Every structure is written in C-alpha cells, then in structure tokens.
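In the two complexes below, chain A is the common chain; its partner is chain B in one and chain C in the other.
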Partner chain A sequence: MDEIFGIPAPLLFGQLLLGLINGAFYAMLSLGLAVIFGLLNIINFTHGAQFMMGAFAAWMLLEWAGLGYWWALLLAPIIVGATGVITERLMIRRLYKLDHLYGLLLTFGIGLIIEGIFRNEFGSSGLPYRIPPQLQGSWDLGFMFLPIYRGWVVIFALFACLATWLVIEKTRLGAYLRAATENATLVQAFGVNVPRMITLTYGAGVGLAALAGVLAAPIYSVNPQMGSNLIIVVFAVVVIGGMGSILGSVLTGFGLGIVEGLTKVFWPEASATVIFVIMAIVLLARPAGLFGRG
Partner chain B sequence: MASETTADAIVPAARDGRGIWGFTRPQLVALLVLAAMLVAGPYFLYPVFLMKLLCFALFACAFNLLIGYVGLLSFGHAAYFGMGGYIAGHVAKVWGFTPEVAVLAGAVVAGLQGWVFGWIAIRRAGIYFAMITLALAQMIYFFCVQAPFTGGEDGIQAIPRGSFLGSMGLSSDWSMYWFVAGIFMIGFLLIHRIIHSPYGQVLKAIRENEPRAISLGYRTEDYKLVAFILSATLAGVAGGTKALVFGIATLTDVHWAMSGEVVLMTLVGGLGTVFGPVVGAAVIVTMQNYLAEMGAWVTVIQGGIFVACVLAFRRGIVGEIANLLRVRL
Partner chain C sequence: MTSLNRRSLIAAAAFGAGAGALPIHRARAQAANTIRIGVLNDQSGLYRDVNGPGSVACVRQAIADFGAAAKGINVEVLVADHQNRPDVGVNISRQWIDRDGVDLIIDVPTSSVALAVAGVVREKNKAYINSSGATSDLTGSACSPNTVHWTYDTYMLAKSTGGAMVRAGGDTWFFITADYAFGHALERDTSAFIRAAGGRVLGSVRTPFPGTTDFSSFLVQAQASRAKVVGLANAGGDTINSIKQAAEFGLTRRGVKLAALLMFISDVHALGLATAQGLVCTETFYWDLNDRTRAFTQRVLPSMPQGLRPGMAQAGCYSGVLHYLKAVADLGVAAAKASGTDTVARMKAMPADDDAFGPGSIRADGRKLHPAYLLEVKAPGESRGAWDYYKPLQTTAADEAFRPLSEGGCALVRS
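Right, the complex of A and B next:
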C-alpha cells in the first residue's frame, strides 16, 4: 500500500479526503441553491456571501459571546437564515413577477454589499477559528492518518444532506414544497400560505449555506472572500448536476469534489479548472445536466 | 409569471420614425452631443481618465448587444475583455507590432474564444446561460493565473503604445486619446449598424419570442452565436485598447468582479438603449475615480446601486429619460 499508480498512497488518500471535504461543501451549497431555485425560481447569488456569514457568525459567537463550536453549529444557521428571511421579505419578494435575471442581479448586488461590509470591518486577511477540543487529533486508519475534524465534516455534511432530502421527500411540509414547486397557484388555492412558505424556504436554503460556513470555519481561515470564489464553482456543479433532483445535487457535489482531488494528484495545474471543463463537456453531451429534467 | 419581461422594461413605446443611417431624430441629436463631447472632452478633463471611460463604454456597449438585443445575460464578459488586453499587450510588447495590429489581435482571439464559449453556452438560456458564462470565464481566469505569457500575478507590464500605422507616435496622452476615441466611435457605430440591420431585427425577434422566430424558419442558435461572437470581439477590442492606454494587462480585467462591473454599467445606463451603456460607464468610472481611496466601500456602494437599479430603476438613466421624452435613445 505504499504506492498506487506510482503515486505515494498517503498523498493520494490525503487529496481524496480534501476532495471529499470540498465535495461536502459543494453538495451542501448546491443543495441550498437547488431548493431555493425550485420554489423561488431565482439563482441565489448571495449564497457565497451567506456561506461566509455563517463562518463569521461562528467566529463572532466565540469571540464576542464566548459560545463555542457546538452552539455555533446550532445558532449560526438560525441567525444567518433570519437575515435571509428579512432579505426575501424586503427585496427579493418584489421581483417574482419579473424576468428571473433580475433576481440574479439583485442577489449579486446584495452579495457585493455583504462582502464589502465584512471586508471593511475585518480586512482581507483571515481570522483563525480553532477546531473544537472534542474533534482535535487524528485517527490512524492504517494506510493514512485521518484528522478527526475532517472526517466529521464529511459525515456531518452527508447527514445534513440526507436530512434535507428526508424533509423534502418524506414529510408533509416537503410535499407542500414539492407541490408548490410544480404549481404555486394551485397549492395556494388549496389554502396553503405559499408566500410564507417561499420566505421560509429561502431562509432554510440560506441557513444551509451558513451551516456549511460553520463547518468550513476551522478548515479554511475565516475571511470575507471565502464564499465568492467557491460559489462560482458551485454554479458549475449546479449546471453539471441539473437542479431537478436533490440526490442528484448531492451526488454531483461529492463526485466533483473527488474528481477535483484526484486531479490535484495527477495533474495539479488543471485542478482549478477541471470542474469547468467537465461542465463544458456535460453541456455538449447533455445540456439539461446529468440529473436535470427537460 | 413574466408579466414584465426585460424587453418591456427597456423599450419605451416608439412613435418616432427612422432618420438617417437608422438613427431616429432624437438619437441623432444624442449622437451629435456625444461626438461634440468626444472632441471637447480632452480640453476639460484629464485625457487618461477619458480614455479609460471610453474603453469601458465600448465594453458596456458590446455587452449590451447581448443583453439588450438578444436578451442573453452573460456574466463572464471579463474573459473577453481581459483576454483582449493580454493578447494586445503581448503582441505589442513581445512581438513589437503596431497598436492597431495589437488591438486587432486581441479582438480576434477574444472573438474565437467567444465562438467556443458561445457555442457551449447557448445550449441553455436564462439564468443557466448566466451561470455557464460565469463559470467559463472563471476557467479563463485560472488559465491566466497560470499561463506563462500573462505574467501571473504581475500581469504584462510596460506595454508600449507604439505608433499608429507605424508612423504616428501615440506616447503622448493627446494623440493616444484620438486613437482611442476613433476606436470607440467605430465600435459604437458598428454596434448601432448591427442592431438596425435585418440581422439585428431577427435578434430582437428572438429576444421577444424565440419559439415564434424558430417557427418562422430562423435558425435562432446561429443568430445567437454570431451575436455572442460579435459581442466578445468588441469586448476584446475594448480590453486591448485599455491595455495599451495604461501599458498594463492584469488579472483584475479577467476577474469575475469585472464581469459584474460591466453588467452594472449597462444596468445603470439602461439595458437595451443605444446610449445607455456609455452613460452608465461614465457614471461608474467617475464614481470609482472619486471613491478610489474608500477601499472596500466602493464594493458596498456598487452593490447598493445594483439593488437600487433592480428594485426601483430598471430602465436605467437613459431609459428613464427616453421614457420621459417618449423617444427611443
């Protein structure tokens, strides 16, 4: 087990793990985008900024309120989700009758505002966020050392995606949501408060982004730009997967993370662009995306 | 759902007839004003500032060709603008060609890139189109970070302005200004000509109702692709010219923030208006100039303008004026 395809095994597994972690973030973020898109018909360009706000919320809770990682995991999504609810109520709501492109432009503008404010307050360099004591250290798996926190991120993200899938596919609330995605007017005629559902869906999608941000805080340094570059990759992931299916987004997210990790091993120069290249190929072969409809 | 489409928001009811060269009478007046400002400008304002403004104005006009007249929102136009700059810089500095050849080379490469990317992106419409163009542009950004000829983080520096046609030196800001103003005017009139050609009419038909255009026998994909290539080429011209003006081509011009800026300029000026992008570019470049020392607040202000435009001001400056005067500008 020293070498695989002429590559030292620790390097290979190390990059695979990094790929899985990136994939976990791709999956959680593209899942949030897909849920929001399904009901609101807008692409939430603020998603990257909201991911960043999640990480900052964790940092602020620790520094200013003394609340640690586990509290942050619970509170940050609620806080950031609440800002999402306010944004939807005050601004995004006004655009539903317009061309969907305006939603994209509006959320892009909101993202710029948020990123700019955080850059003013905290500068561009990163702030450190320590791994919680319970998750420090690493396991010896025999073929590699697995830092416990990294394993935790992958498992927690899988769990969060699974929970989202269960809520949407198996609960009454999820049934309303799916119905409203198909035909909002009809669902409203049955007495469901669709506008409120839209608001809460947006809040939930934003909360999911913030949750990913909290998970990311101890891995990447917490900085205002951490979301903006990630979100463009996530857009590519969404185009590749198509936004039709929840499990599709999750699979595509993790899969592309792994592909990216492997590219780092075999052809490091291409690792930044490989997802975009895959996107181009998928578009040529299957314009609707791997799991897309129509 | 879409009771007010992009088109409804931007094109005011026109009751004016065709004038000369496809310009309506109000447009001719506006064109004369623009030409007068081009000539008088350098006597009142710093020529380098005006050149920067003109480069961005042409960039925004090229972008507007797609969003305003075909209804396609490209969120990755920095890729063509920046690549045009890199190629022009390389051709002028390393290969030592004259400025007009350098700009032309930048335009050709940007156009070819637009051909490939457009071919991929027009398979999807609407927001998917925006996401795809953004992702492809990000790919170009990473390419430019790594490619040897772009100089990575340093960019291409000390690009010589050279002499026009090998005889007229452009090292002084005044002579360079007339070169840039000429390029801008040619690009501006060319876009106007394209929009008012029979080809441009088909583009507008596609924007209004693509299925109907298809049923009338138009191969809309081809029309869209040609529009994309033209837009990318002109963005490359703008980028190449900017690189020569400042003597530098850097990663800033291929970054996604630049793609956002050109969207903002066009939105502020008025989507789908002939003069809107020029006015929008003037507003945004002026703002950046005066607020330069405010650092990240510029981003906040730009985001605020985005939000304000989308929520309350969708016609843009020129669109509002045109609506007020009930003319087409």
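Right, the complex of A and C next:
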C-alpha cells in the first residue's frame, strides 16, 4: 500500500529530498556559469577548480586564521572572486574577440593548473572540515532523518539563486549588464565602464562557485579533485537549461538533482550517466536547451 | 637512476601513442646491466595518497636499502599515472616493456587496471608485483606465473574486518559497493564470510566509479534496510565521503555499525580522529607497529609527499622491490631480464624479510604471506602525537590471514 513502484513511499520521499539538496549545488554552480557565459561569452571551465578553491579557502581560514564557517561564508567568495578578477584582467580578457573554443581551452588549462597546484600541496585524500556547531544534529521528518546542515544548504542556495536573479533582472546594475550583453559599444557610449563591469561579473560568478564550495566543505571531502567530479555534470545542467539562461540553469539544477536522486534508488549504477542521457535527448529535441533563446 | 618524465608519458597515453614519438632516447648498449622498474599507479586521482608519489618514494628507498649500486646493479625507476583506467594502464605497460625495456611493473592500484596489466606482463614474460590492487582474483582465477600479489587482498580484508564484525554481533549487512572489479570482489568475499558465520546480506547498492561524491542517498537506502552493519566495499576518497556523510546522517548514532572494509591510514588522516574514531579496519603494515616498522618509516619519511606516513600499499612497494632485487642479484641481471617467470619463481623460492612486513614468503599462486592486523581508530584523546591513529586489536598469523591455496582456483596450483 505504501509502495511506489516497489519502493516504500517514505524512502522515495527521502530520496526526492536528497536529490533536491544535490540539485542545490548544481543550481548554484550552473548559475555562476550561466552568468559568466551570458555576459562574457566565455565557457568557464575553471569553475570546478574555483568551487574547490572555495572549500579550501574555508579550510585555510579555519586552520591558519582561526575564522570559522560563518566568516568563511563571507570571506571565501570574496577571496576566490578576487583571484577570478585577476585571472580575467590578465588572461581571459585577451580572448573576447576570438572563438568560444579559445576561452574554453584557456579556462580548462587554468583549472588543471590550479588543481595540480593544490594536489601537490595538499595531496588527494582531502582535509577534515566539521559542520558548524549551530547546524549539527538532524530533524526527524517522519520518513527520514534530515541533517540540519543539508536543510540549511537548500535554503541558502535558494536564497543565493533568488538574489542573483533579482540583481540581474530587477536592478539598474542588472539592466546595464543585460544591455552590455546586447550591445557593449552602445552602452559604453552612454558612459558605462563596460570592461570593468565585465571583470566584476566574472569575479561575481567565481564568487558564487566559491560560495558553493564553502557550503560543500562540511559534507564532502575537501580535496583537489572535488570540483572536477562535479563540473562535468554542471556543464550538462547548463546545456540542458540553455546556455546563458539564469532561470533555466537554476530550475534545471534542482530538477536534475531530483532525477539523479531517483535514479540512485531505481538503478544506482546509472546514476552517473542519467544526466548525460537527458542532455543528449534535450540537444536533439531543443538544441538551444529547455529555457534557451533561439 | 633516472626518472622518466611523467607528463610525457601521460601525454603519450592520452594520445594513444605507442608510436614511439617521445623524445626519450636510451642507450641500448647500457641496457644489459640495467634493471628498469616501472611504478604504475594513481598520481592524480582519488587513490593518489594511498599509493601515488609515496609508493615511488618507497621504491627508491628499497633500491637504496638494497645497495644496488654497491652490488654493481644499475636500477632505473620509471613512473606513470594510469588514471584508474584499464586502457591507459595497458597502453603504458606495453610501451614500457616494448620500448623502454622495463623488467618489473609494481604497485598498480584499481583492480580493473591491476587485472588488465597482469595480462600484459604475462604475455611479455616480465615480472609484476601488485601492491595497491585489492582483488583476490589476482592469485585466484586470474593468477599468473609472472604475478606476485604483495600487500593485501579482498579475501584477507573480508576475513579479518568482516569476520570481526560478525563475531561482534553484526549478523545483518547492507553493502555500498564501488561498481567495478574491486568493489565486486570485496562484496563477494565478505558476503561469503557473513553467510558462513550464519549472517545475512539484506541488500547492496553499486555506486558509479569514479565520480560519486554524494553517498547520502545510498546511506539512507542502507538505513532503510535495517541492517546492523553497513559494509563499505569502496576505497580512498569514496570511503572518506561515505564515512563523513554517515556521521552527518547519524547512522552510527542510531546503532548502525560501519565496516570500512578497506581503509588506509591516509583516509583516517583525512577524516580526522573525531569522525573516524572507533572504526575498525585491517592493514598489513602500520608505521608504529614495532621497532623495525618505525625504523623503516624514519628512513623513508623525508621523501614522502606532504608529510604523509607510509601506508600499507606504499610499504608493500618497498618490501616487494627489495625482495625482487634480492632475487635478481641471486639469479643474475641477464637471466632476470630474460625471463619474468624465472625471476618470480626465484622470488617464491627465497624467504622474504624486511623492516616493513617482517619475515614472510610467497606461495605458489603468487600470494605474499604475512600477518594481518585488525586495528581500531583511536579517539582524539587517546592519540599521543602526529599520526598516532591505531590501536591493534588482533593479529592474524601469516598462514591464516589469506585464502587457503586450494580454494583460489588458481591454475598454477592444480598443475
């Protein structure tokens, strides 16, 4: 009676919820990617490494400066975002006039270098990072025990996604950004410093990745390859949602998290593949993605 | 002793080379007196700290301790990253043997790669010492006159850790299994012990490898099965994430026992004692076991990466190479280079003894025999210093630790 497709209903609800939590990470990461692609036309393959740097920044702040999780939540995105700004100024900027492929290759290379440096410095098995005391423990939801921290991740990610969307769609700054995407020369003619705006946008996108990294640090092993495991999935999410579509990437991120969660119950072996199967189908049916324009 | 450039090897493997396009030219004239050892392992992925550069350091230590130069034997070490992919591992092995004249391939974690490389080495009649690989098939259905399986295997882990958990009352199990040769073998061998002891396996999930970072879904499934023990048939980063997330979801607080069927000291280090305390695992080497293991650790420590203490897989590379070089010296370099089968046969005929594993021997099926130690991870308060992580619970003698010779189904034994 309490079974759906042979799986007990409570277990299924639990899996839906866990899928939603993983979806929160996908959403936050793909959001940053979508913002960067939408405004810079750069496919930022360094995103996984920047996510990893966020987690490492949290660890370093704790170990070297004695600053805990809450400070990390604030400072890590700023620090890692600053490295993004430097990268944009020194390197990525030179590629705007070239084909997408060059930006992809450059950012992919930078990502590999960053990962290699961290691997040489810290090894591969990772560093311990504890859940902050305020968020330890779990809620009994009846159908499962939900760790408070996971609940926090979902709520925080939703908030971050909403805030980003509001900034881009509803503020004057967001209007400048969108206008610059359409016609940079014209916006510059109105006295807006477009190059600086683009630099800061890249920094903000990177900061979002770092923020996701801080959120992930207490759950996943903080190790140099943590980003490369996620980034391929996140790219699939962005492609399915429609390159550059903010809303699309967020909705697809949460949605695919749930699909993946269900696959883990019905066919665990396929859970790493299911998103790419969906990507292939979507590309065949709607090459611009579910929420893409054109 | 020169080291081949790793990057160029990776690049060559990535481009499916084998065409000999690398800028490496070796003087063939010198080859006759030179033994070439290829360390093939994970230099960049989730098993890197378990073997990786640490294994290379241990191999070099073995060459130094053996005193190869003083004995007039020239030894070269080559290193490559197989990225946990069988195709890459096979490509590198073929290049090493065909083009670079490698005589011994050592380490090779990731059972799927370990089995594939065993085939290449046998075909080319070279020597193969597997230290980091786990599957007991290496000395069972896939045994070879060119293979020595050194450090541990899935049967030994299943018997020691699995057996101890069942004896302590954990008679119902749920497995979280890495979906490749290693995970399957570990689950199979452990299940056999559980059933033999009257226990039951209530279920299992196969998790994609590599690439799974979130185990919460699988842990919740394990909890829903109401099994008393959750068996982790995975390793390295997967084990770390599983244990970390099991603590987060409060499995252990609600009385579920975790069986870390394969855990290395580097995993404990990564988890931190606060999370890992109380876990029981099995290793065949622990740096703080006795005076000899401490002496070995002191010697190799300066060249270990990131201040890691050597774990059993790395120590196995030391021990294996030391024994191999003794056999080479006994046999003569020319004869050893000519036939891997002869070299391995000589290794089996000689008793082994070194600081890391103590006295031991190699069986007809290629299994290296030494004691296994059941260890418990200390609580933070019990640890007296850096890397003081384990308290030994029980020692299984060398002749009881591994699968009986008659049960492995190795063709070498029947003939």
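Basically, the second predicted complex is superposed on the first by the 282 of 294 C-alpha atoms of A that agree within 3 Å, B and C clash if a C-alpha of one lies under 4 Å from a C-alpha of the other, contacts with A are read in each partner's own complex, and residues count from 1 in each chain.
Here is the rule we go by: a contact is a pair of C-beta atoms (placed from the backbone, for glycine too) under 8 Å apart; a residue touches a chain by one contact, two chains touch by 3 or more.
Quick caveat: nothing in here was measured; it's all calculated off a predicted structure.
Enquirer: Clash or fit: chain B and chain C on chain A?
Expert: When both complexes are placed onto chain A, chain B and chain C end up clashing with one another.
Enquirer: In the superposed arrangement, which partner chain does A:R119 touch: chain B (first), chain C (second), both, or neither?
Expert: both
Enquirer: Is A:F108 in contact with chain B, with chain C, with both, or with neither (first, second, both, neither)?
Expert: Touch partner of A:F108: chain B, not chain C.
Enquirer: Identify the partner contact of A:L127: answer first if only chain B is touched, second if only chain C is, both if each is, neither if none is.
Expert: Second partner only, chain C.
Enquirer: After the superposition on A, what does A:A272 contact: first (chain B), second (chain C), both or neither?
Expert: In the superposition, A:A272 touches chain B and chain C alike.
Enquirer: Check each of 9-17, 207-215, 225-233 or 243-251 in chain B against chain C and return the one that clashes.
Expert: The overlap with chain C comes from chain B residues 243-251.
Enquirer: Jot down the residues of chain A that show up as touching in both complexes, chain B in one and chain C in the other.
Expert: In the superposed arrangement, which is not itself an observed complex, chain A uses residues 116, 119-120, 269, 272-273 for both chain B and chain C.
Enquirer: For chain A, which residues are in contact with chain B within the complex?
Expert: Result: residues 41-43, 91, 94-106, 108-117, 119-120, 228, 232-233, 235-236, 238-239, 269, 272-273, 275-277, 279-280, 283-284, 287 of chain A touch chain B.
Enquirer: Could you pull out which chain B residues touch chain A in their complex?
Expert: Counting only chain B, the residues touching chain A are 1-6, 9, 73, 75, 120-121, 123-124, 126-128, 130-132, 134-136, 138-139, 142-143, 145-146, 256, 260, 263, 267, 295-307, 309-311, 314.
Enquirer: For chain C, which residues are in contact with chain A within the complex?
Expert: The contact residues of chain C facing chain A are 42, 44-50, 52, 179, 205-208, 210-214, 216-218, 220-221, 224, 236-237, 240-241, 244-245, 248-250, 254, 266-267, 269-272, 274-275, 305-306, 308.
Enquirer: Enumerate the contact residues on chain A facing chain C in the complex.
Expert: 8, 10-11, 14-15, 18-19, 21-22, 116, 119-128, 130-131, 138, 144-145, 147, 149-150, 218-221, 223, 225-226, 229-230, 261, 264-265, 268-273
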